[in-house]
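All chains are identified by letter, namely A, B, C and D, in their written order; residue positions are counted from 1 within each chain.
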Amino acid sequence: MNTSTIQSKVKIQDARLDVLLKRYQVIRAFTDKLCESLENEDYVIQSMQDVSPTRWHIAHTSWFFETFILKNHCPDYQVFHKRFNYLFNSYYNAVGDQHCRDRRGVLSRPTVDQIYKYRSYIDEWILVLFDKCRDKLTDKVLDIFEVGLNHEQQHQELMLMDIKHVFSCNPLKPIYKNTEINVSGNPPAVQWIDFKEGLHEVGHRGEGFAYDNETPAHKVYLNNFQLASRLVTNGEYKEFMSDKGYSRAEFWLSDAWSLLKKEKWQTPLYWEFNDGEWWQFTLTGMKKVNDHEPVCHVSFYEADAYARWAGKRLPTEFEWEVVAKGVQKTGHFVEDENYHPIALNSENDGDPIKQLYGYVWEWTASPYMAYPGFKAAQGALGEYNGKFMCNQMVLRGGCCATSVSHIRPTYRNFFMPYNRWQFSGFRLAQ
Amino acid sequence: MNTSTIQSKVKIQDARLDVLLKRYQVIRAFTDKLCESLENEDYVIQSMQDVSPTRWHIAHTSWFFETFILKNHCPDYQVFHKRFNYLFNSYYNAVGDQHCRDRRGVLSRPTVDQIYKYRSYIDEWILVLFDKCRDKLTDKVLDIFEVGLNHEQQHQELMLMDIKHVFSCNPLKPIYKNTEINVSGNPPAVQWIDFKEGLHEVGHRGEGFAYDNETPAHKVYLNNFQLASRLVTNGEYKEFMSDKGYSRAEFWLSDAWSLLKKEKWQTPLYWEFNDGEWWQFTLTGMKKVNDHEPVCHVSFYEADAYARWAGKRLPTEFEWEVVAKGVQKTGHFVEDENYHPIALNSENDGDPIKQLYGYVWEWTASPYMAYPGFKAAQGALGEYNGKFMCNQMVLRGGCCATSVSHIRPTYRNFFMPYNRWQFSGFRLAQ
Amino acid sequence: MNTSTIQSKVKIQDARLDVLLKRYQVIRAFTDKLCESLENEDYVIQSMQDVSPTRWHIAHTSWFFETFILKNHCPDYQVFHKRFNYLFNSYYNAVGDQHCRDRRGVLSRPTVDQIYKYRSYIDEWILVLFDKCRDKLTDKVLDIFEVGLNHEQQHQELMLMDIKHVFSCNPLKPIYKNTEINVSGNPPAVQWIDFKEGLHEVGHRGEGFAYDNETPAHKVYLNNFQLASRLVTNGEYKEFMSDKGYSRAEFWLSDAWSLLKKEKWQTPLYWEFNDGEWWQFTLTGMKKVNDHEPVCHVSFYEADAYARWAGKRLPTEFEWEVVAKGVQKTGHFVEDENYHPIALNSENDGDPIKQLYGYVWEWTASPYMAYPGFKAAQGALGEYNGKFMCNQMVLRGGCCATSVSHIRPTYRNFFMPYNRWQFSGFRLAQ
Amino acid sequence: MNTSTIQSKVKIQDARLDVLLKRYQVIRAFTDKLCESLENEDYVIQSMQDVSPTRWHIAHTSWFFETFILKNHCPDYQVFHKRFNYLFNSYYNAVGDQHCRDRRGVLSRPTVDQIYKYRSYIDEWILVLFDKCRDKLTDKVLDIFEVGLNHEQQHQELMLMDIKHVFSCNPLKPIYKNTEINVSGNPPAVQWIDFKEGLHEVGHRGEGFAYDNETPAHKVYLNNFQLASRLVTNGEYKEFMSDKGYSRAEFWLSDAWSLLKKEKWQTPLYWEFNDGEWWQFTLTGMKKVNDHEPVCHVSFYEADAYARWAGKRLPTEFEWEVVAKGVQKTGHFVEDENYHPIALNSENDGDPIKQLYGYVWEWTASPYMAYPGFKAAQGALGEYNGKFMCNQMVLRGGCCATSVSHIRPTYRNFFMPYNRWQFSGFRLAQ
């Protein structure tokens, strides 16, 4: 390598450093912004096993930078509190034991104040690292740093999902944010868009950040299929309900039917029938169910049952991805500050396939599995995605609680088929 | 009744009003004092089903005065918040539905601030009632008011028990109060005090406050018995442990043995073996187990097993009561601010039976049942005690977390035989 | 002791031997008779944890004689099968480990044939013992032998309770015995019989067999009370049901109310509402509920709730016993072969208190506890009764599935307050 | 269609009738043969929820022919017992309600004798149908009849799996069949066989029976892969165990690790460590673990963990199928009457890939999902496979309890990833 190449390398490196530090500050600030309306008491509640207290998210995202960046790559770094590794490690066995997940809600200490001190402490040391120890910040370290940024964005979405569940359990129905949601949308009838069979490449290749579970890029063979031009709406879902969809075993997977019976599911999560009308709990308070909005907070089981009732099916994750790669990443994201999926407007923007990105995560028919040739990252970060590749289903496209900068066509989200507290909906295929 | 009798009646009534209002203020202030060291976050945690968040206790004790006094007897009283009756009713079905007991810990709202506002609001209206509506305060109403005072004292003790459990679940082991406990006590050897068989009256009769479950006074026939002069100590309990007490089925009731196996009990609650020594979690931090202190946080099952191991038995509640009626009510109560049972000092104070009051609640061999001729109070307050008269065992004497003014020889506390988070110990009989 | 005393002692001993051997044969034959109508497959089912397969009862009652008599006192006895001690020990920890109680129904082997071989083998050795080794049969050994006889009678009743539950779980509703039950009874109105307060002796004293839990005899003081002249009937219980008894929290103990909600209790066990009428499953098939029969298969919780609804209470075990000691032991027992409690006939037999014995076990208000000065038997048999003295309630008087020779005024049966598969009913007191 | 075609069609039809009736008789007789060694009591036990009593299998396989053939296509058929549809329907909601799956073991009636009468009754009516009503037996009906034959073969394997589990729960360890298993096998070292990437057709096409879940045939793209020449052996699996495989979280999926901790898994199912050696319970009694036999009764979780430990992975179901289509269907099946997977003999039979068929079912890395364009059968039979397409993993190749005539390269078996009571093992890929 000659000098000029080295210099250019250095410059690129410098540029990457600056960009990533800037993104760090923006993302960390956004976490703070999401908590603006919370009281101290709101930070500590765990309303079910899947939910983590807000406070835990605040600490855990800082713990991530502490554990994978500062402890390993910042020479003078002093650990803030020696028990925090135990308290705020989520599931990385390689990094040590963890406080039991379903006991996160029994901790009142450290207080929210202390946790924000911890957070500030980490922020200051990150500045020190980027300022004084730039030589430590090799590409490999920056790659991990970038995982940390994406990790925090994921937890921002989890914070919204979780606080929604927490508030929904309170008979006082607290309001996260007083916002008027635009209800004027009126989506056009579904159109069936044709795609031809053939070999396609799926997965992430080349530049830009992606999680390990999006790799390696590989070939899949897809048969002819048709994809619905938009998401299924509340209005359509009500027809399924009216047609006794929740009482007819023929539409339901065997496991789904057992669960539905046991849990007495009759509606999507957060719906209530009051005074002759359907209402739903949202982060902006109790609202009447708007027929034009995409149905949300349904499980894979419900999406699948609806599809059978409709004589259709859910798309596979690869059908979705192949289509999405040809579509602009426009949609309705967390930056719109609605914290709820709004209705699609009927105006024609030229793109026949709508709502692929944002609004609600789309359940696919695909179990979450490793791609051929998948290698989990080395060390503890290898536990980030790989060990969940069983019993879960893939969702695609992001939602109204996702950052637009966080999503891409190859992005694979995953939840248990019975989970419903995420902002999840679906579109049909055939 | 001639005029002079009426006047004297009025005066007594006035005096009672003044005394009760004064007690109200003292007791309410003591609740506040107990919370001095707590952070807002501490108020919301429910670490197991039996535990209530501190915040809930604060609100519920105010709800009690609102529901049974202000709503019924204060003409202008305006309800502070219409959902609080649902949120802060404990178990009075006659007063309406309740928020599910084991879900008290999923509520972040109302915030601690709001709850203290509620509390102040009630305090102000009580003042109004005692000031402006003295005519409403008949003896019958004041009787209920007095139940409210005792009720609040019970919850003060529950607050200490509950926050101890909450803190014990936190790996950081928060300290409720930094206090040096007097460890110089050194109890003398047990002496066996004789009591002769015969008919005795037990239960409450005459003046002074008592709960309905202490009535009516009635006769019981007691056989000859001997009562130990003091409580069983940690040191003595360790001998039982060393003798494999927790592994030998012959000492345990059948239900106890099943539970012990399932829960893997090996020690009293809050004990840990670290670095070759026994430690226990206390409200004043982790302390070495002091052999001279009474053993505490044992279940009835453990007390009973110890007694069999020792070739003795637990006293019945009536044996205890008959003896206690002849003894001064001195002991170690919450006013000493140790929040932990200290060791008995060996000095002779002339009373052969020691530690009957305070220190730890004493498990008795008596199931908690209605006295012959028992009538539960009318209305919702009839649910206070009566509906628990099954499956529980009686404890007597109060503990280091009980107010001295709250206890009396006829007082019957009761817990499930497997409960251990209360300050419970025991003495032997034979 | 002079010679004549010794001789008379020998004679009494001989007589006792003969009587006990005769009783052995009668009781063992009765066990066989109770199984006459069963198919091999019926012997192996465990329909819930409390139920044991018939086969297990057949084997366990033989195991009892093997373990406590033959192994210890018959010199040449050879164990039939070395694993049977593990398989057929119920709960005697002192005798060794046991097969898990709730797994008795997963065993198909030993087959029923093999178990009857085991049973015959024990019978033959008992004959050998009584024939060849009379010198071994000291009074102490015969006392244990007599426990064995009573033990087998208890299991005869359990066999009926258990097979009733097993058959009731089968949609084919098998019939244990085709018998016409006499339905002509028509009980007179309840009369309230007065008893005066005073000191009474309760418990067993003197000659005749009794379990350790009936001793020692001791004094109790009873207040004035009135006892109902007969048991509560189905007709009366239906009034409680019609008055929404199962939906009104005010009648129920707190634990009862939780259980009722969870288990969705609406009727006594085995009742069904079909075609506008109440039916009940019995050992003689599905029958219409007869208003004149005593209500049966109710838990303590239901008995207690009914009593509160009626403004009465349940009698204590001592009230029952004191009254029963003055009444003839006549009633309706298993020897009548109805396997169901028939209706009381209204004819006056001169005794104002009726149905104290037989028909149904009567729930009392008394928790099952040790009598003052109680000492459990030495060794494994000490586990027979003593270790269950917690969380259970006493029932008195025997039932239609009890042998008349098995019952006496001091007899204490005990079940958990929620148990209902035994033939249990109740009478009121006030 | 001209006359000659019609005639030839009729002849083919006749031939098919004869062949299927013959197969019916052979398969039904084989079911009987499998039960030869059972006692009546063995038929009724359900040792866990997944296990059905043998008696239930005997009845259910007859119910299948009654429900889908006789009731619909045999004009004079009279139902044997009107409640049997309720008792012996497994999970076909379209055919009516079912007796609760986990309560199959509480039924003692109908007795085994009655069930064999039912079975004979069905056999006689099938003969009537094939004799008198040949015109009813259209190809469509015969297709369903053929499903019934395959269905019965599946239940034959289930009967073996289930009775093995039942016997294993019995401390007497009953022996299903006294057979000497050939232990001389000594498998050669694993070889890695190369397969080139490319497009392949998978799934069933053309003649011959297949389940709906094997269709439609479709194209998949496979990358380069290597497949192990034989199954993983007990000896190899022991190395994983010795290397603390069950204690190292890094090898385990997240759900697997939770389950392993909860269930305390340390070995494959049926292994015990006695007197310094590994033993396993088999249908032919307790045997020392033979290092040369394929490891068996492991869950998907264990297979997957082993693969990670070995630095390999499990093959996908399509990798397996593509390879299997080129290999002779030879192996070790139920017809060998070992009821246990024997060791591979090292002799070279010319085929580099061994043990693809028979021995043990091979776990694959593939979740059980619908093939592109999959349509479930119409009506109740559509519930046969389709509604289980979630949360399960595919296994391939059959086992020592499978009939050789039942298996084919496209055959997809499926179990929950935690199931281990089937004869399941695995081979590695990379």
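The rule is simple: a contact is a pair of C-beta atoms (placed from the backbone, for glycine too) under 8 Å apart; a residue touches a chain by one contact, two chains touch by 3 or more.
The model shown is predicted, which means the values in this text are computed figures rather than measured ones.
Listed by label, the chains touching chain C and chain D alike form an empty list. The minimal number of chain-to-chain contact steps leading from chain A to chain C is 2.
One inter-chain figure worth recording: chain A and chain B are separated by 48 Å, centre to centre, where each centre is the mean of the chain's CA atoms. Mean C-alpha position of chain B lies 61 Å from that of chain D. Mean C-alpha position of chain A lies 39 Å from that of chain D. Residue numbers of chain D whose C-beta contacts span two or more other chains: none are found.
Interface residues of chain C facing chain D in the complex, by the touch rule stated above, are 39-47, 55, 83, 86-87, 99, 103, 105-112, 166-167, 169-172, 174. Taken in their complex, chain A has these residues touching chain D: 91, 93-94, 199, 218-223, 225, 249-250, 252-257, 300-301, 304, 313, 316, 365-367, 369-370, 372-373, 383, 387-391, 417.
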